[in-house]
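Note that the chains are named A, B, C, D and E in the order they appear, and that numbering of residues resets to 1 at the start of each chain.
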Amino acid sequence: MDIYLDGMKAIAPELVLTALALVTLVADLLMRGRNSRFIGYITLAGLAVVGMMLAMRVGAEPQTVFGMVEVDSFGTFFKLFTVASVAVVTVFVLSDRSERKDGIGEYYFLLLGAAIGIFFMVSTNHLLLLMLGLELLSLASYSLAGFHKGERKSAEAAMKYVVFGGLSAGVMLYGISLLYGLTGTLELDVMATQAGNAMPFGLVPQLDHNVIPVAIAMVMVLAGFAYKMSVVPFHFWTPDVYEGAPTPVTTFLAVASKAAGVAALLRFLGALFMTEGVQPVVEWYGDRIGMLLAILAAVTMTLGNLSALRQSSLKRMLAYSSIAHAGYILIGVATLEPDGFSAAMYYMAAYYFMNLGAFGVLLYFESAVGSDRIEDLKGFGWKAPLISITMVAFLVSLTGLPPTVGFYGKYLLFKAGIDHGLSWLVFVAAINSVVSLFYYFSVAKALFLSEPAQRPALSQPLFAALLTGLGLLTIWFGLMPGSIEEFVQRCLLL
Amino acid sequence: MENILSLITFIPLVGMMVIICLPKQAIGLIKGVSLVATGIPLVLATQLYFAYDPAHGADGSYWAEEQFAWIKMINANYHVGVDGISLPLVWLTSLLLFLGVPASFGIKKSQKAYYALLLLLEVGIFGVFISLDYFLFYVFWEIMLLPMYFLIGIWGGPRREYAAIKFFLYTLAGSVLMLIAIIALRLDSGTFSIPLLVEMASNGTLTGASLPGGGELLGMSFSTWAFWFLFVGFAIKIPVFPFHTWLPDAHVQAPTPISVILAGILLKLGGYGLMRACFPILPGAFVENAYFLGILGAFSIVYGSFVALGQTDFKRMVAYSSVSHMGYVLLGTGALTVWGTDGAAMQMFAHGTSSAAMFMVVGVIYDRAHHRDLNGFGGLSQPMPVYWGLTTFCFFAALGLPTMSGFIAEALTLVGAFQSSDTRFQALVLFSVIGIVITAAFLLWAIQRVFLGPLNEKYKDYPDMNFREIFCMAPLLFLCLLLGVFPHLILDKMEPSITHLVNLLQSAAN
Amino acid sequence: MEFLHFDPATDFKLLLAVPLIPLTGYLIQIFFGRKLPRKGDWLLTTGMFVTMMITLLLFAKALYHAYTGHGDDGHATPFWHHSSEAGMTWSWLFQDSEAPNSPLNLTVGILYDGLGASMLAVVGVVSFFVHLFSMGYMKGDHRYHIFFANISLFTVAMLGLVLSDNILFLFVFWEVMGLMSYLLIGHFSHDPKSHRITQAAAACKKAFLTTRIGDCCLFIGFMMFYLHYQTFSFDGLWQATTQDVMVNGWQSWQTTAGLFLFGGTVGKSAQFPLHIWLPDAMEGPTPVSAMIHAATMVAAGVFLLGRLYPVLSPDVLTVITGVGALTAIFAATIGMTVFDIKGVLAYSTISQLGFMVAGIGTGGLGLIAGLFHMVTHAFFKACLFLSAGSVIHGCHHEQDMRKMGGLRKKMPVTFMCMLVCTLAISGIPLFSGFYSKDKIVQSTIMTNELGGTWASSFAGIALPLAASITAFYMFRLIFMTFFGQPRDKHVNDHAHESPLPMTIALTCLAILGMFAGQFWLSNLDIMGSHPTWFETLLGVSHDYTNLSGLYPGVELQNTYVGLDAAKVEAVSHHAHSSAVVLSLSVASLGIILAMLMYLFKRLDPAKFTETFAPIYRTVLNKYYIDEFANKTVIRGSMVLSAVLKWFDGFIVDGIVLSVGRINKALGFFAAWFDKTFIDGLVNLVGAVSNGLGAALRLLQTGRIQQYVSFAVGGGLLTAAWLILS
Amino acid sequence: MVDLQKVFYSGLALLAIALHGWGLASAGPAGLAFGGCATLVLGGALMCLWERSVVRSAFSLMATFTGCAGFFILLGADFVGMAQILIYVGGILALLLFGVMLSPPDMAERKLARVGGGLLVMGLGVAWVSAKVAASVKWAQLPADELPAPSTKAEDIGIAFIAPDQYVVPFELAAVLLTVALVAAVYIARRRISDFTAEPDQGGR
Amino acid sequence: MALGAYVAVSAALFALGLVTIAARRNILYVLFGIEMILNAANINFVAFNRFNGDGMDGRMFAIFVIILAAAEAAVALAIVLNVYHLFGSTKPSDADLLRE
């Protein structure tokens, strides 16, 4: 039985999270929706516990439990940020005045369920567990997107999400089955290194003889990740779903869910192409995949930025911007080198801060102004200066200007790109950041460059403090990025 | 004063914090804090200026250096210092920002935010001038944009939103290219330190060899594309034809004090950047393209002056005159002679004073008439004799009249360019001379249209300049004259550093 | 006479004081002038008097040296002093540069020689009298103190120019003078009561711009010399050039550079075709005209030629002669047709400047004569202008000669002074102008005999003709103004003699105009066959091949090269007699003609104008040069600027506007082309990205099944790329 | 006008014959079973695609599922086959039918051009890729003589579910997943008056 | 029967699933199509598992996929019902509030 106990100790955060999810559900049932905020506080407390458990695990020796769960710092990195973002989303839910009171237990339960999915998804080399985690995340996300079930937009968003997600999952599953058929295993590290015997097992012999089937399978699997990250051409759902979903859910989708996709992709590619002792042919194939990702990155960021240019809804604009950011992140991924990966992870961390912040401000505007149209924000900066200035900080960071964390992230990505022969992609990304300035600053323009608005600001101290905190962190980590980067470096030991 | 440069740079930041904490209504206090927060750097910078021993620059070393590790992971340091090239500009910055505060007293809209942003802007500008670490340089370079965007965008003229975003987009477009080049340089050399990079460049070890594929991009060799990326980044700021079109809009729409700072300092950042962080780091590519830069410079001189001649908007005219004047910077440095480069550096300072004063001139009349149509004035010398006198002084300073600093700068530049070992520069000088004449033409024509001739009855009762306006303008004009008569006050400080720079570049040419 | 020895230690300090006194005066005046009693005119005039006395003292020293000074070997040592003798030089650009003497640096000092001494004295004297005259003439002007300040600063610039020992510093003062002329010509442009308010405003701009074209040429010229010889100082340039020429002969770049240098003179000294500013400059107050446009500033161009003579190649000298002669004759013809009293004087100034320039162009004797004419002309032309000012003042600012007449009785002093100076300018013996102008004519004859060029041949005809015309129109002026019956009763009734300061100034200048040429009373050398004081001062008596008094230690390579000194002297004697005869006859011819036409009315000028109507009209319109310049240069610049403005706004700034247009034409995106995106990179980004954005919008249809199809299609493409690559 | 319905079903019959023939030809009588299952799978799918009525489509899908189960059993995975029948045919299909009942019949919804075009494109694509792939592909497979006999014991699967180094985590995770799905489905499908009256539809958030 | 035959059928089923999703105008057909794709994957898993002699990975995967399909069908159907209630239609093209 020790083996179970050790394993459970290793996956204690996941277990606590599961328990927490159930607690919220039961608590809601018991309270019959009377004191919905209380459940939020329970959630926050539980998340704090999970976060602390995770934090203590940073830097610990990596281990594999239950045959397929990799408990390592890489996973811990993403889990920590997932916990943090779920906590922030919880605060959003608590502050969202439009949030209905009943069903709040389900709300938190689904959020936490999605987090559980992410937890397993980011910490496994086994395609089955990866798939299950991804599906758990997806299912929870579908229902969260449609959580405002009385609203047409919300319902439509959920429908689109489920259709697109179901298809992507199916395709990915089919790709996995092909990979399984080609290599004879579901474990990525085995797949990458197993070779030598006369039988066509593992990736190496297949790459020697059967490049085309491998390519088909590879593209199908990558499509699954691309859909989660909303990379072109699997991004179509993103703007519609982001717009239709409740804003806290959008935040979750844009931040945690996308990060999970990135994490899974990094692990997938890392295990396949970057583990010790891979054969040259695998490395060669990794370069091809890298090139593919680079092209997708270029297309993604360009498309995201250009589409964002013409949005009148702040929420939809942020949706497109998150597509563009997926493109930026892919620069680091496409290098298929540790420093590229660490750059991508750093950017992911930066992305947490600035997007959580930006969506939070969006939520604030929605409740204060009653609309997410940019032109309705005109002059609002003079009414709510603190929040608006914070928003400018997020926008600056999203554009990638110093002294913010977004700049440093972009710097690392560019550096990795240039260092590994992707200068052209970096050039494209640079031009794209210029384009992005235009639409990001259309928000700043609306906020400050117009005459003061008539609407009074809302006062939400907790929320404002949270956002300001995020804003300060955005700037602080831009000035002193060393700590996060060190953290990233420590966590990258796959 | 161990940390004098840091003090100069960050005292305005402290001022900004204080202002943010003050209540919105305490306008007097806010103005006072702004004056103090800009005044202290001015005093410190003056002290630094006189304490500076120019011989220091002869071997390319820096004065008042401070250095400590900042981001260890990427080996970016907080490394600051000044030499003969940057010190005068630091001082000019502190002066113009200090004068910018009283010049802003006329602004009545959201004053708290205004002064806070003004101080933040000062931090950014100082930072760029003193940074010796490329990463730090870039960070400050970008920090500057943000307050500028809001200062133009909030307090500007009718088309301010357009002008602000245009300014921002142009500069950002340049600076992202710069960023790529900086990263490539860092990857190739392993350091962000500008002095180290310069040293490596002069040893010929900065060739992009350690980059994948030898650092080629779009079919260009590493040093070529890195040079052009950096150059475009700086040239947009200067601004050089054809990257100049943001400038008239930004100038025209910005409020007077911001135009003053924009013309007086921000344009200098481009020229300074080229001298500090582009040419010496990629001397080979610079030498290859020096003649082309000279052409750009000369063309800007003539082109800017002709376009200015055609303007009817007073401020637009002054803005285009900046295009013309800043062309000398490129022409002078491109010539690769000590005099030419001296002239270019001096021109940055001289133009910093004269163009700032010119924008103040425009501001004075705009405050009264609320329009800037050159053809709408006339005979203003009668109600406003002091204004007329100062304007004439200022315009003659701008058109490079001897005994004014502009003359020294232009003469040095042209003689320097004429001496260039590349004899094609002689033709450029001859061409640029057209610009001198046309500059005189549009300035005098402006004087004629605004001040001379029959008095337009509408303007009969305009008050002459008040003390505040004179206070803001007089120091600049005095500087023009002082440096025109005693140019050694500034040339002595600059010359060793510049000789060192030119020697570096020339050794690359051979 | 010990005090007349030149003592470098003290005298250079005195020389330094010469510009500094008026400069101090200027500074006091500009800041406090309005509050001083009498608006500070006395202060500046006194200062100017002191300055004049110093210049005269120093001039006396120079003259004393010239007449008595001999070296140990008995030969005359040239009067040539540089302030470095007294250790007085200043580093200008750099002071603690590592190598203060490196070509990078510019060391400034005072050069004081015969030419400088005479010019300094001229400036000092004329300037003082102009100050004095202005006290009366400008009384009541509402910018009286500013006027005095400006004219004082102008004097500073001119004095500084004369004292400069290097071309760059000369250029500095040269430009400052341009500025001051701008301010002084435009003096009335802000006088609300003046009817010349508009013209003055245009005239000052025109003057500055036109001369600035010349200035730029000058700048290029000395830059070319600097490029080759690494020096700006005059003696450095002389030495370097002559030595270079001795070894390599004249090179084409020297000719080019010389022509550029001459461009400076053309602008400043109003030579064809840049003379157009000078007649317009008469919009300034009359003392200014006297000072700037007669005596000093326009002389600066001639002075420059004197300073730079050794570096001018023979080809340049030919051009100089040609241009000078052309200007002389051409301006003279216009002078015949002008009715504005100041206008006549303005064209006569241009014409006389042409004489000087042409004289210098012929070299040797001509150089001396040209410079000498510059000195004499300064006095009598200043007097003429001031007299004209007195007339205008007396007639209440009436300038049209047709409305004057018979003023002889009303303004006797003015009349006498003006008559003396008219005789001088017409070249009548006993009056200064004769001695200098005669020598210019002599020089042209001499040069032609010694093997002249096309230019000297042209000058040989043009100059006497111009002299004749000069006499004609100057007497026309006298007769129309002072003789005959008053044509306009109103003007005549109110005419009166000018106040005392003005008449004193007039009288003194007239006396100088009489005697400045030759002290003929002392030796009865009425025909000027002996060396004049000026020649003695420059150390040139009869041997014109040796100009070492002017350029010590320099072997001129452009004057009488390879000619025997004795032969030159012989030819000069011969030429002298011809010149005297010629001058006298042409002058009398002109005067007689004027008498016949305007005094005795035997000939009707109207008949001439009718007979030669087309020519007359052309001349009356100043040969349409202004119109030509207006149509070509100015209009051209304006058109170019308009084109470039358009170019800037629509092409450079809107490269993508066109992209936008094309796209619009394609109908690809119509609605989004909104006003915000009008130009520039914003356009580029805006248009292109909007176009793409619009295209992308087509994909985002909101229909999930289409999304799925697109995604599948995209996936297939991706797979295809991966397979095929 | 040809009766399309008849053409389709004739084609289907032809496909059935072809599949059976293929099975018979390549594996003898055992191949017939394969042929039958393949017919069910593909025929059901084609019918599902073809039929105008959602109900008929849903029922034809049952054939596909059953055919799959047959495949599983043929491949020696009895347990999976049974699970397929139980969960898919019994559960999922019932669920789908439940949905079908709720939606109105829309006979005009099928566009022949789209269906035919889609089939054509996909068919050609699959044929092309299969041709390319089939020629060269080597799946990870052991030679027939080395293949172990398939384990048909359900016990093995039960052990695999809870063995510490096998599938215990996915098993538990699947439980969580089902809970989440259940909660989500119940929440969204549950109707309360308040859900539709409390807030008028004002756009998404 | 050889492995290739199973894979061929699975590929065909996969393709039919895609066509079903794209070609039919009813949301339920999308769900049908997804189920077909999942079944195609399952056929692959079991078939490969049978022929590579490598334990029971494939079969286990197939079981989990069946569970997954059930869960997904439940959630999807709930969402479809919701859409039907709000839009009165099961055609995805009728729900296009969110676009561009």
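By definition in this document, contacts are C-beta pairs under 8 Å (C-beta built on N, C-alpha and C of every residue); 3 or more make two chains touch, one makes a residue touch a chain.
Since this is a predicted model, take the numbers as computed values, not measurements.
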Minimum number of chain-to-chain touching steps separating chain B from chain C: 1
Minimal step count in the chain contact network, chain B to chain D: 2
Most central chain, Cα average position: B
Most extensive contact between chains (C-beta pair count): D-E
Maximum centroid distance from chain C, chain identifier (CA atoms): D
Chain centre separation in whole Å, for chain B relative to chain A (CA means): 43
Intercentroid distance (Cα basis), chain D paired with chain C, Å: 102
Inter-centroid spacing, chain E versus chain D (mean Cα positions, whole Å): 7
Centre distance in Å when chain B and chain E are each reduced to the mean of their C-alpha atoms: 64
Contacts with 2+ other chains: residues of chain E: 7, 14, 17-18, 21-22, 25, 30-31, 42, 47-48, 52, 54, 60, 64, 68, 71-72, 75, 78-80, 82, 86, 92, 95-99
Junction residues of chain A, two or more chains touched: 128, 132, 135, 139, 142-143, 146, 149-153, 157-160, 163, 167, 171, 180-181, 184-185, 201, 212, 216, 239-240, 243-244, 434, 438
Residues within chain B bordering two or more other chains: 165, 169, 173
In contact (per the touch rule at the top): chain pairs: A-B, A-C, A-D, A-E, B-C, C-E, D-E
In the complex with chain A, residue positions of chain E that touch it: 7, 10, 14, 17, 21, 27, 30-31, 33-34, 37-38, 40-42, 44-45, 47-48, 52, 54, 57-58, 60-61, 64-65, 68, 71-72, 75-76, 78-80, 82-83, 86-87, 92, 95-99
Chain A to chain E touching residues, read off their complex: 128, 131-132, 135, 139, 142-143, 146, 149-153, 155-160, 162-163, 166-167, 169-171, 173-174, 176-178, 180-181, 184-186, 201, 239-241, 243-244
Residue ranges of chain B in contact with chain C within the complex: 54, 58, 162, 165-166, 169-170, 173, 241-242, 244-246, 249, 303, 306-311, 338-339, 379, 381-382, 385, 388, 392, 396, 401-403, 407-408, 411-412, 414-415, 418-419, 426, 429-430, 433, 436-438, 440-441, 444-445, 447-448, 451-455, 487-488, 491-492, 495-496
Chain C residues within the chain A interface of the complex: 672, 682, 685-686, 689-690, 692-694, 696-697, 699-700, 702, 704-705, 707-708, 710-711, 713-715, 717-719, 721-723, 725
Parts of chain E lying in touch with chain D, wherever the complex brings them together: 1-9, 11-20, 22-26, 28-29, 31-32, 35-36, 39, 42-43, 46-54, 56, 59-60, 62-64, 66-75, 77-82, 84-86, 90-91, 97-98
